[in-house]
Amino acid sequence: MSIYVLVHGAWHTGAELERVAAPIRAEGHQVHTPTLAGNRPGDAKTTGLKEAIRSIVDYLAENNLSDVVLLGHSYGGMVITGVADLVPERIRRLVYWNAFVPNDGECLNDMVPPQYVGLFEAMAAERGDGSVVLPFPIWREAFINDADLATAQKAYDVLNPHPLKTFTDKISLKVNPAEMTVPKSYINCTEDTALPHTLPWHPRLSSKLGLFRLVQVPGSHELCFSDPQRLARSIMEAGRD
Amino acid sequence: MSIYVLVHGAWHTGAELERVAAPIRAEGHQVHTPTLAGNRPGDAKTTGLKEAIRSIVDYLAENNLSDVVLLGHSYGGMVITGVADLVPERIRRLVYWNAFVPNDGECLNDMVPPQYVGLFEAMAAERGDGSVVLPFPIWREAFINDADLATAQKAYDVLNPHPLKTFTDKISLKVNPAEMTVPKSYINCTEDTALPHTLPWHPRLSSKLGLFRLVQVPGSHELCFSDPQRLARSIMEAGRD
Amino acid sequence: MSIYVLVHGAWHTGAELERVAAPIRAEGHQVHTPTLAGNRPGDAKTTGLKEAIRSIVDYLAENNLSDVVLLGHSYGGMVITGVADLVPERIRRLVYWNAFVPNDGECLNDMVPPQYVGLFEAMAAERGDGSVVLPFPIWREAFINDADLATAQKAYDVLNPHPLKTFTDKISLKVNPAEMTVPKSYINCTEDTALPHTLPWHPRLSSKLGLFRLVQVPGSHELCFSDPQRLARSIMEAGRD
């Protein structure tokens, strides 16, 4: 039995991964769904990437976790890469689920299309507190394309404004992912168009892992809402030895 | 409940989409399967793209249809793009099913491999009435690769010679698809090799839509024959709000 | 009913394809699973590509086989291409299953990433008898990513050291695959990362076939171990007329 720590993406909290955690727990595993600094109620929306990474390092220490299968979704890929660089001794395997894979000195915005960078900046300027939100049409068509409208709307309503600084902070790594000796997996939802397929998650970003295990599954970027059971099965295939 | 208008591809008529329409109607929707000018019995094989587009504009007007989910298959993507440019007020959503997506001034032949352009020209020269047909080996291997031979043969037997002019006429658009404000979906059959995967439907052509909803489904270019029920489900996922 | 001859890949023997052959036989077909020269117990590990090709040509002659659906897996694609060039009159259809497709004068190593070429050379130098083996971590993560660890280990234990010369010998063909008139199919396992998806089997290598039938199926490079029944169904879809 394994210990899973699931790290959510931008605009989410750990709570949204509870329906994914349940079927994994039902197979006898331990599952943690912490919420990153910057996304917890009351967190300053000026939170940066280093603080987000630190919040997971602290979580592992406080809960005395080792031998962990550490999964990151989307922006969470930035975070787990940083965590693996700081406390490799606690990690059994890294699992990226349609997640960003940074090398030393890269930020999330370096890996997204220019129109997103521009949208995020314009939105943060308009909101004024350092945070960005996703316009509903982009969420509905490009992020959760596999759900019906009611599911898409309900999921949208629980999102929280996300600190833009975590997208623009460059990560500092001693070792790039391809050179990390920890085993790695990449879960690719085949209908994920949160990044356009002209500039895709896989193999564009996954190939930065060096040797890794590929798991593919039908679904959108937000399979945690549209089919959490199916996602849970993929996570267990990605996370096993 | 929605109003679907399904626009067939080259060599087809609306009748071949009736088995796709049936499961959509069974869910309570209204479904129309008009046949394009150029493909109706007795139509001149010198029919051009503008007349084909006009035949759908007229169909919508004659049947007083608005709030329409307008789907185009393959060559039908040329047609629905032209229709959306002329009567955007009648359309709720455009759905491209492995379909061509033209910008202003492009023709279908601009988006296919050079060997097809050459084949079409040679065939039209040989036939002499302005029409082209598909050689059976190309149909069987590249268009309907997911069916058994009997299904492939039976479907081939109902095809009609297609006016080449509709492939070479350049479309005239006031607004390119990416700038159209109507919502858009793209259905991609993942084994569709009617266009080779080195020059694919998705994301090469789908990305010309700007923001769009991707739906993928296993199947060939001719899923309407090999699994009409499965295609119907994908159409409803693509067509819903 | 058809006659199938299944040609295994590097490190394998025909015996590993018996669980794939069984469901095909259950449908009434005849299935042969010969082992290539170089992979039979006692074969010199200095065996070259020409001898491997010759061993299948001989097998067809000795068993008086014609009208054969000839399938090659991975390295087996080199072999069946050579066989089709020598005895086209015996073959009804070629089926490549995540297999190399060579043109005249190419060797297998011309189609793999440089890191594999280097790994193979270093390993052969170390082993000293002309053979190479796959390190278990590469096998487990990149070749059989869809199986559990026990299945991966059990399959690994039956592999045999493979003659490197078959990877570096350039094939000699009278006719390149695209110009061969025999019908051709390509089975692509969609999670096959034995070749990285930045340098993929399909469409990079499949497109060298000219007109071909694509069949795709979920699974890794070693679907023969992880789901032989599913692979058998795909083979029958690829092999039928």
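Of note:
Note that the chains are named A, B and C in the order they appear, and that numbering of residues resets to 1 at the start of each chain.
Just so we're on the same page, a residue touches a chain if its C-beta (ideal position, glycine included) is under 8 Å from a C-beta of that chain, and two chains touch if they have at least 3 such contacts.
Here the structure is a predicted model, which is why all the values come from computation and not from measurement.
When subunit A is laid over subunit C using CA atoms, the rotation angle comes to 120 degrees (nearest 5).
Because subunit A and subunit B share one sequence, their contact can be compared position by position; here under half of the interface residue numbers appear on both sides. Distance from the subunit A centre to the subunit B centre is 37 Å, each centre being the mean of its Cα atoms. Shown for subunit A are the residues in touch with two or more other chains, of which there are none.
Contact residues of subunit A toward subunit B in the complex are 137-138, 140-142, 145-146, 148-149, 190-191, 193, 196-198, 218.
Residues of subunit B that touch subunit A in their complex: 183, 202-203, 206-207, 211-216, 237, 240-241.
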